[in-house]
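What follows is one structure encoded as structure tokens, with my remarks underneath.
We just call them A, B, C and D in the order they show up, numbering each chain from 1.
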Amino acid sequence: MSDWLWILFQLKGTERLTNFVLTPRDRGGGGKKPWGFSGIRLARGKYTMAFLTVQFTSEILKVGCSLNAILPQNTANFRAAYGGPPRRPFPVLWLFHGLSDDHSAWSRQTSIERYAYERGLAVIMPAVNRSFYTNMVAGAPYGEFIRQELPMIARSFFQLSEARADNFVAGLSMGGLGAFLQAMSAPESYAAAASLSGVLDPKERIARVRREAAEGDPAAEIFEQELGYILGDLDAIENHPDYLPTLAGRMALRQKQGLHVPEFYACCGTEDFLYEDNLVFRRQALELGLPLTYEEGPGGHDWVFWDRWIQRVIAWLPLKNS
Amino acid sequence: MSDWLWILFQLKGTERLTNFVLTPRDRGGGGKKPWGFSGIRLARGKYTMAFLTVQFTSEILKVGCSLNAILPQNTANFRAAYGGPPRRPFPVLWLFHGLSDDHSAWSRQTSIERYAYERGLAVIMPAVNRSFYTNMVAGAPYGEFIRQELPMIARSFFQLSEARADNFVAGLSMGGLGAFLQAMSAPESYAAAASLSGVLDPKERIARVRREAAEGDPAAEIFEQELGYILGDLDAIENHPDYLPTLAGRMALRQKQGLHVPEFYACCGTEDFLYEDNLVFRRQALELGLPLTYEEGPGGHDWVFWDRWIQRVIAWLPLKNS
Amino acid sequence: MSDWLWILFQLKGTERLTNFVLTPRDRGGGGKKPWGFSGIRLARGKYTMAFLTVQFTSEILKVGCSLNAILPQNTANFRAAYGGPPRRPFPVLWLFHGLSDDHSAWSRQTSIERYAYERGLAVIMPAVNRSFYTNMVAGAPYGEFIRQELPMIARSFFQLSEARADNFVAGLSMGGLGAFLQAMSAPESYAAAASLSGVLDPKERIARVRREAAEGDPAAEIFEQELGYILGDLDAIENHPDYLPTLAGRMALRQKQGLHVPEFYACCGTEDFLYEDNLVFRRQALELGLPLTYEEGPGGHDWVFWDRWIQRVIAWLPLKNS
Amino acid sequence: MSDWLWILFQLKGTERLTNFVLTPRDRGGGGKKPWGFSGIRLARGKYTMAFLTVQFTSEILKVGCSLNAILPQNTANFRAAYGGPPRRPFPVLWLFHGLSDDHSAWSRQTSIERYAYERGLAVIMPAVNRSFYTNMVAGAPYGEFIRQELPMIARSFFQLSEARADNFVAGLSMGGLGAFLQAMSAPESYAAAASLSGVLDPKERIARVRREAAEGDPAAEIFEQELGYILGDLDAIENHPDYLPTLAGRMALRQKQGLHVPEFYACCGTEDFLYEDNLVFRRQALELGLPLTYEEGPGGHDWVFWDRWIQRVIAWLPLKNS
């Protein structure tokens, strides 16, 4: 891209320029929140959020687990920024990590606490190992854990809203897929879901790993085997209960039936090895007429990109009166 | 070894043998809960509590603060032990540290999480530096922090009961004094308060430090100076708003007026340098007719004693239908 | 109660009464360290250890990991207790959790920091999920992680001794097996290994699960399947590279060859469902003439037992000039 | 500044444009490290650092303390980025918090772990309450703690280099002052010190608080009193042992004597209420001929500024062969 474009991009301008128009919601998604949150300038950087690390027991995984959490605090700064105390129970962003990360990745590699503050959001950051947020065929039922048990447990500890309008889920890479699976498995429960650099074309992803394995790449061979333990028969991935295109189709059906469908957001770096996969999903969503806001910009599959774009995701979230 | 010996061992019966009889409540305090929690044997050691570390902002102290928290989890183990899920909002034990400790001392030096599980208690462990749980004359208003702000903040994060019958406060050494100050400053808000090896004869404590300072003990000189920063004029300690005997007197007055007074518990090791101080407070309580359960046993001013006796304190707590 | 009884109580003498005599080392094991650490009474309960939680990346597991660590601090208390500063690099106890636990279990359910202080030991507490401390057949190579990568990583962060005489490993239940596997897989690297309520008769353990599964116990069916993912062909468990009896045999062989063999310690509660398994291992060790100290006492498979007996284990550890 | 300049600033270009030329070192400071660390692009965002939280005991403060630490890990990513493993013992950045923060502020409000990775730096983040990094007149000796005890303790835990060339100190606001005090009190021990939005004109700062207090601002009245507890006689602040201009003068003297003087860096936002104070210090440094790199850019006294400029500080640090 030209230097001039690059300059504009640095201005956090290009997201809008490269923003595909899919649906009214889409434009809304881009336009609803003017970049900069001018309404709450006053509070900027004067954080009053609490940061929590939690050790708990999962009965579904039958093992001790960890999660990190961020909770708004009712302080003068907060009230000055929002004209009132934090809404309670808190609206909550369920934020998912990538393949090689754990529950601590988002808080260590980005300023997530500061960004969540801009919207008065609680943030729950769980860990699912390398499970792809699904019930492993040869392993633990992480899908059940993340979809049923985690919300139940987090809500028993903290004052988190159970209202659909207050529940959002987002994640990066493997967690981008996880966020979409979470929302599509329980569309009644989530207002919106966002994927950053998500693994959104599982079939091609698997095919690529197998090609590389066939070509004798030892890392790919090991990964192909691991994917088998997680997903089962890789030749029949279309039949997997968490196969993304199938779930996306169901969302389209719900729409036709006038049932609630969460708003979706996907972004990817144009230098990301998953860029093509994201374009594929965008096309599928377009054909299905799903409410997807898609954005892209320069960047790779790394935290430099995610630290910038999680701000974009949080700005996009369709929060009511926040 | 003979069953009889083993039973004694399990009973830790020694404490009971050295138990002073003060008042009906006292016997009640000792007798109400048979040692061993036979009702919940099933669950023993099969913990299902969550452990949390919390970073938050205090507006009263104007600085970032830490606390540790323990919360019951609604698991099969818990239900098997109690015949039902944890009561929510949770009954809560506010647990205070000693002079040189911080919020992490209780969880690091004892098995507090395991003991709290025996009663289904949430535990909140704050940090107050070396402030003696009072508003420092030359320093920060820790009294206001611990009495007003901490409960407000902890209840905004967690599902903690605000009912008096569900609120208990305990502490060791400086924190034993702090626990009594907490309950006596807001008697309407606490069902009971417990002191382990507490600094319960402030006047004599100060006098001793000053004697040692006068004799040229440099550590005592520094400590005397520090006490001045915290408490102000040491010659007029009787006039300090948090002077324990004064507050104890007020509790006696409330009793005569038929107003609620929390139940009090104090224990001390017979080898503890604060042993005499505890006997003094016991005598004062006896004269005032305060509802005090006093117990003692072999031991010094250390965690070997506190790890054993916090179990005793938790067994004593007058929880309703737990 | 009589002083004599009280002394027994203080001594926790019961364990000694039930102490089996196996070998000279065994008596040594019991006798070497008089219970009570009279030498360091002074310091008792006056802890000066540091407690650390660590988030790190495992290249072998390809995922973010957690561990807890305890490190001695060079304080006046410590020097008063030991007549000098902590030895550095520190002697270290690698301490392993059980099947449903994680890295935080030992520090939450026991006073491990206080007990480690009695010997001036650093303690490293890793997490291995439910892997049985072995390379999972269908899963991650936890054996490689715990045996090769963890020591390398922990030593790159902390000042830990690499001398065999300074390295000890212990664990409970699944972690008891893990501790023995750790020491038997690298006998040159460990001075001693201890198992508390360990899974020490793997063949019978597996057989029992399969019997229960065959009888239609759904939990057992799931567990049998899980064991298959971890260990592979359960009918050929004798051929598993980490089959305990095989490794124990190798230790006996090393002994005959005059090569170093770590000292072993095993204890179990007489009410523990693994009690028989421990007696089986004790018999095997006796036949092989392995240097095993075996002890037992009243108690079940729970933290009440482990909190008491880890003190016993730490007292037994053959530390040089500590 | 013009929109066009603003665009350039977003490019992280304006720092250079608004860069004042003070000394050869100054230009060096700006030019030495080309922005972007092109040498280690490969690794960008692929973090392999460990994050540690530490609870320890300070004998000087006589209380339990917390710190956060970041340590490089020897991983394939790291070696690919640097052509080798992390240097050990690690070069270390001692990173100080502001007035109302604690040890967790930098890691929660910025991506410090990611930025430190770009230079292979260990980072130690202590907490000093609101002490201004000095020995409080009526309070604890935080100056002694941060200058003598903290380095001793951190080096006893971790493999940190004690070589001057490997030791750097930085901080924000109160911590900017603290960083300069740290380096100027032990110039032999630090290669460089950086202040972000630092309190660098203590006299004027105090005067302003007193003016506001005199005008009846209650918050200012309380703060004036607090400053008295910390600094003593505010009328004689010039005589305070940690009075910045005095220490700066000593550095100039050392320079004349040919003794080592650390390199200094200061930056401030042009909308910061401390902007004038920073210009004052810059003038003083200019007159004294101190090796100061001064930079400024748009921004206020908040984490949006500090998250951007700590990257600039880390890029500026004069690391040898990193």
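In this section, contacts are C-beta pairs under 8 Å (C-beta built on N, C-alpha and C of every residue); 3 or more make two chains touch, one makes a residue touch a chain.
No experiment lies behind these values; they were computed from the predicted model shown.
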{"item": "Each chain counted as touching chain C and chain D at once", "value": "A, B"}
{"item": "More contacts between chains, A-B or B-C", "value": "B-C"}
{"item": "Most distant chain from chain D, judged by the mean position of its C-alpha atoms", "value": "C"}
{"item": "Inter-centroid spacing, chain D versus chain B (mean Cα positions, whole Å)", "value": "40"}
{"item": "Distance from chain C to chain B - Cα centre to Cα centre, in angstrom", "value": "34"}
{"item": "Rounded Å distance between chain A and chain B, as computed from the means of their C-alpha atoms", "value": "44"}
{"item": "Residues of chain C whose C-beta touches two or more other chains", "value": "47, 51, 53, 55, 57, 104, 108"}
{"item": "Touching residues on chain A, where the partner in the complex is chain B", "value": "47-48, 50-57, 59, 71, 73-76, 88, 153, 156-159"}
{"item": "Residues of chain A defined as touching chain C within the complex", "value": "53, 55, 57, 62-66, 97, 99-105, 108, 127, 129-130, 138-140, 229"}
{"item": "Touching residues on chain D, where the partner in the complex is chain A", "value": "7-8, 10-12, 44-47, 51, 104, 107-111, 113-114, 300-307"}
